[in-house]
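Shared chain: subunit A. Partners: subunit B in the first complex, subunit C in the second.
Our next item is the complex of A and B:
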């Protein structure tokens, strides 16, 4: 959306500001869902399957229902409507109807006077299961022939019911591009699954008023979608459903679709006539998951001898777990989001998402594109070495440019990627370090791009993606009614900053009223890095309408042109003679007398004509793309395999930093989370050989290793501003993009340190140690040659030594086979 | 209803003597949150792994989710609600806000308690001392960087006049 504010000088925007709820959070006043207790409230618990795959033969809740203090027991039969966040793939019931598909799948729920009673009641529910063979390995799920039951019914006769989605897209002449290449690198990569692990467990409260109105409080990122699904599944008119979203204690994608507890608290309240709360245990948070998919990836990438990419070919198998979740989108994203920041003349990807009998995977920060970015940026590092170029220089040569289209026809607007590369190169001292540090220490670089929201909403509609309502009080106070989801990223503050900027009031005078579908306009939710871009534009739209009314009223009173009236610093001021001014409240009163009560709505909708006309071409289309580059510096202990990341330099093109403190916070949090996935985190399950197939290996915050303050490396944020023509004041996203390069930058740094390629995550001491051992045996452990030396030998030996196009690079494939 | 023994536990919380009737197995965290309505202290894991429930018991950072309520009778409990005074927020609370050290804010109450104990012990801690003092508190949002900035800024404000170190 083009706004007349884009190029205006700003007084608040761009400066460090506090968050509107910051002091509430640091004083303990902030309310999260579990902090709410309603009179007469009951406590619910969900009985979960002990089997990874089984038929439910019968459920007998008689004994549980008879217990004192138990008010209701419900099962799948009470809510027999399928739901799913993606309208084309609803494959879940709030409680399982006749089949369980992972250890942890919900089969019944209890409401009782307290948690202890509810837990005791769960033990009295008799469920008879008929166990079925489970699919834990995605390759086996893919190869299934129907001789044992598929995880879901096939969509068509003869199809494999274990497949969620297959996508094959090809742009340009892929095989010809590989044939023309002077160097082709082929590699296999494995990205282990990881989970969000927000510190706040999921929690929901349902309250039925007995005559038709349903209210649900939830720690959700998507109150609007929850609203729709609650109405549909519980058969309540949407106009009678109210969803409240207290502050959310972290989410990262893990609360971005409806969960069983939200339906259960609603149904249990409808059954008992009393409010019901369910708070997940930490173990349940791990089993509810919806985190990063494990990806098995194979890439062939070609380049010319002067370092230009010619062709990219990708094959990806996504291990989806038991349900579709966002999987349709994940499957597309696994390929669609790779086509910047580098120009690719030809690109093909073949992605297949299969079901397995494990907790469902979904979107985690950098949805679907973190895994291929890891693989691809390592491929790029290998190509740069093969053609004898510095890897930063290689990336520069392939820069796609700004105001262009990708090979898959996505429209790119602003692009600050070159500045990102330059920033990390300079700040890290790259030139003095790359290939020059002593053996065991190294630096690596990687780049990436990410969407600032999606051009198409999850369910097809033509309505705005985001909106706010703004109202001015005679005191000078401004109220903003926002339906956006504050999950810690600061979106409530962003609308306040914009209201203060546009209307000239002090930030402290802006109230943000939020998190209630009864009185806020729809915002679609906190996902796909859409909120600042879309909500920000909506807030500018609303504030501009109000500002004009105030300018007109003051202009009339002063007999000057409205455009000469500035609203800033708590005053209305006449631009040609700034001595002429009045307090802003007075200006608002003039406007209210002239135009009536001062309120306005504002909204934003995405451009819809900026993608290719092919099936799936809309997926990945975004109004703007952010760009990131990282340099990581690591120490590798060659005796133990322990990798110590000393520092990560993070340069991110966020378009414009509306509040640099919040942008840096997103960059640092992203880099931390990428580092965590690179070195520590593994969301893995036991196999048959370990006794309980499908049991989570480490469902606690002790055993699932997330970094403490002592583990986390030093992080340096370098903000790059490209001023996007369509973003609010030029802003783009900052919440997810800066995660992507952490992992490949660390992988490439490990190679620089010890000459060993790590193509499987995580780079934990056992995995690294095994790779080091293989390198020792092969005699390849050691500092790699510098590009200058490499270039001479690569160029000289190219025709004789380089494998012909299409032949695997030995070191890479060896690394995979060795595991 | 379960046959659960209930007990009156006499707690001293943020300077107030409070009698609270809770099941005997209740943890200090449950007594604070569900018995006294002091919801500032958070439950993230319920088994002492994440540190979100950290409170001060006689000034020592303590995991209230694995401390029985009855075990702290006769000792002084300080929660995040007790850090602020009549004059306003504790310098740590203010600096957490000013520095963007609280994103989702769920770990913040526990981190503030750990940091407050550190600043009682060490006037101007170095970054490594801060990292060590906060190593029992998981934060999933910030990468810890802004938290260090906030603790350092608060320490500078709290240091006696003339201490320019």
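Our next item is the complex of A and C:
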């Protein structure tokens, strides 16, 4: 939806602006959930399972309950209702009922006068467990035959209870496409799990007023879903539940479903009549997890001699951890989001998500598609090399185009991918670098796409996905009531920019009242990169209604056409003669006198006819797709295995940058996060041989390494604006897409540097060193050959400037056909 | 957030005052200087002292200055102060480098050189919360009778993980300790014992007063190399300190290397003099020294980072340190 304030160019949109809450955050004034203390507030703690898989035989809390200062102890029996973010896979209880499924699973909760008393009380709760064999390896979980208890009860007799979801989708003639291909590359890839590591741990406060109203403050990114689940699980009328979302100190997908602490603070408050707060420890943040799934992936990809993809075949095993979380969607996303920006004549994916006795995996920035994108973009790099093409050229040749459909029938509208490729190619000096840098240094490229929200909400309904309410004060101040989840990405700012843009008021006059389900219209939450697109359109909708009232009133007063009245720069101005103007507050007062109190709602709902006509075809459907390309330049220390990423050029088609500073922040943050996953992050667990199966390897930010500022490469953001026909002012997403290519671009750069393929994450020094050692033994360490150098028939001659071809044979398994 | 166990905090202003408090509270008391190691360890319930005796007001533990034939560094001088001190940088650049490599800036502003010298050993099975350790099963170093690293051993193999002691050892530094029976001086190289549970000769009720470095050591060529995955914050996966006395033409008179991040005490590499004495540090000598280091170092799974890789890095980092030393 474009604004119809067509007579003027935008004045604020597209310019660098401060975040509306930025100053409060940088001065420490901003309130996060843990900053809130209520009179009489108690503190809660959750007792967690030390076993990866066990039956709860009994829980005796009498000693804990008898302790001075302890106000209540609750267990699973107090909230025996299953929940789950996806309505089809509810498989969790707020506290475990009769079975624990990972080390860290919640078993009981205490409310006490202070944290120390609550902690002491936890030690007095006697839980008797009967240990069960644990499944840690997803392959073993998948192969289970029921001879030891499954992690969950099978949905049907004879089914494997360790399987969350299987998806098999096939488009076009996959085997024929592979048969026709001149080159087929087969590869096996492994993406190690990673977690979000937000700086703010999860925190929630529950307050029951004693007469039926429940209020919960939470560091959540989905207040609306939390609202629904609290009402359902706690059996409180939804009209009596209020969820407040203070500012959130980072989320990245790790706070996008209800967590045990939110139910526990509510229940403990209902039990005690006093407010109760629970703040996770860092260790608990690691256990609650819901981070990126480990993926075991196999790809077969075919291409013609002239570099056109013919067919893609993928097999993926997702290691889901103990609960479903978003896993049903993750399983679909693992395949559905791969079909752009390259045209694929045929595509098949076979994805299975299994349960294991580890913390549950879920959505992390780039949900479900970062892992396959890593594998696929490395596949593409291998194919390009096989057919003797520059990998950027190869990608260009397979460009899917704009205003088209993917092989899996998803509608693609605007598409700036070619411009993204060109931007990174030019900015990075690609032509002078690829295959030409000295041994040990290399460049790599990768591309990707991502959704701007999902067309279908998590629970089926026809209502708007996002809405705002706006009202205008006689002073000229504009209040926006927004239910969107500000998690640092800037959605409060976006609605303020739009209100200021459309109503012509200074940005400082806009107040955003947010994060309160009692007073703000429903927005579904901060996930799937939906907010700018959907909330932005809703805000334009509301502001446009108000603007028209003002234009009509001023037009009437001036006896001119309303459409000739411009609202900008704090004034209403007559377009044909801009000397004729009045202060905007005066214009608002005219409108209020004419139409009554100035308020409007605005909303957005997604198009529902742009998906595939098959089971699962709605998953992955989005009103618009963003596109990204990265070039990474790396140094590989061949002696130690250290990879130094010198720089990443990030080009991203965000449709239109409403505020380029925020877009660049998202692009840099995304590229950083991908870089971190590429080089360092490993969310891993001990095996039996390390003393305790399923025990988190090291749940702290000291040992779970995320890069410091010193480790972070130079990042250059190159904004590409394709002006989407349906986005607000043409905008699409920028928060997740720019993460995807980081990892494969780095992998491809490492190959360019030393001729070693890294098909398993992370590229940590020990892992890289081992790969280098293997290559050294195999004699394959060396600069790869230039495109064309290994293909005598192609260019006819070696490029004179190119270094002599090294050992061209990559270390991974590849099958070449037709050569 | 993890909670601290309750304790009483004492802040004496003299060494004798601190010793008196230690005497009074016995095993219930611990010393705290910067607290950057102790406080997290207390949060992990590795220590739950009823009394903390703070050293921050004890003036005698401050000051970096030349005294006679040595540089004395007060034990409570912060790592930042040591790293940026002009005398330290001029005389003992490897010490400045090592101090500057500890953790990150905020921690170096609080953590002290004395604390780094007395740093508790670290192990992936030990530096964890009580919940985690209980889920695992207690270990030899804390509350248990099994070593999760070696599975069989009755000896704790937690890793000495401090940056500065290897350098101090190569510089022939000594430590002045004050105890109830008076004061004594110990060489840094003799300070550590191969016991991960308590790896120093400091008695629980002794206070490290100062670190003394002979000015004569300033003539040594020195270098320091640290293996870590991040460029800040991380404890060493391996550190190498090297120092050599050379004639003007580069002929080695004496050379020493100390490696740590492996076992419970810094390892003083042996057999180096016989390789290098009377020779210049050419590439051949460097390789031979590196290969001797490699043969002597066997990292364990006490740190979660791949021990085979850490072992392979021993000769690399020794060589890199020696090349730095040669260029010094």
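Criterion: the second predicted complex is superposed on the first by the 785 of 819 C-alpha atoms of A that agree within 3 Å, B and C clash if a C-alpha of one lies under 4 Å from a C-alpha of the other, contacts with A are read in each partner's own complex, and residues count from 1 in each chain.
Definition applied: a residue touches a chain if its C-beta (ideal position, glycine included) is under 8 Å from a C-beta of that chain, and two chains touch if they have at least 3 such contacts.
This structure is a prediction, so every number in the text was calculated from the model and none was measured.
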Does the superposition put A:696 against subunit B (first), subunit C (second), both, or neither?
second
Is A:103 touching anything from subunit B or subunit C once the two structures are fitted on A? First, second, both or neither.
second
So in the superposed three-chain picture, is A:90 touching just subunit B, just subunit C, both, or none of them (first/second/both/neither)?
neither
Which superposed partner A:671 touches (first subunit B, second subunit C, both, neither):
first
Quick one: classify A:708 as touching subunit B (first), subunit C (second), both or neither.
both
Output check: A:48 vs subunit B and subunit C. Expected answer is one of first, second, both, neither. What do you get?
second
If we overlay the two complexes on their shared chain A, which of subunit B and subunit C does A:570 touch? Say first, second, both or neither.
neither
Is A:201 touching anything from subunit B or subunit C once the two structures are fitted on A? First, second, both or neither.
both
Considering only touches as defined above, state whether A:281 meets subunit B (first), subunit C (second), both or neither.
both
Do subunit B and subunit C touch any of the same residues on subunit A, and if so, which?
116, 201, 279, 281-282, 700, 702, 708, 710
In their shared complex, at which residues does subunit B touch subunit A?
1-2, 4, 23, 33-34, 37-47, 49-50, 52, 79-81, 83-84, 89, 92-94, 96-109, 112, 130-132, 134-147
Residues on subunit A engaged by subunit C in the complex (per definition of touch)
48, 50-51, 103, 115-116, 119, 201, 279, 281-283, 639-641, 680, 690-692, 695-700, 702-703, 705, 707-708, 710-711, 764-766, 769-770
Considering only the defined contacts, which subunit A positions touch subunit B in the complex?
18-19, 21-32, 34-35, 37, 68-69, 112-114, 116-117, 120, 196-201, 247-252, 279, 281-282, 487-490, 661-662, 664-665, 668-673, 700-702, 706, 708-710, 712, 714-715, 717
Of all residues in subunit C, which touch subunit A in the complex?
1-3, 6, 104, 124-125, 128-129, 131-132, 134-137, 148, 229-235, 304-306, 308-309, 312-313, 316
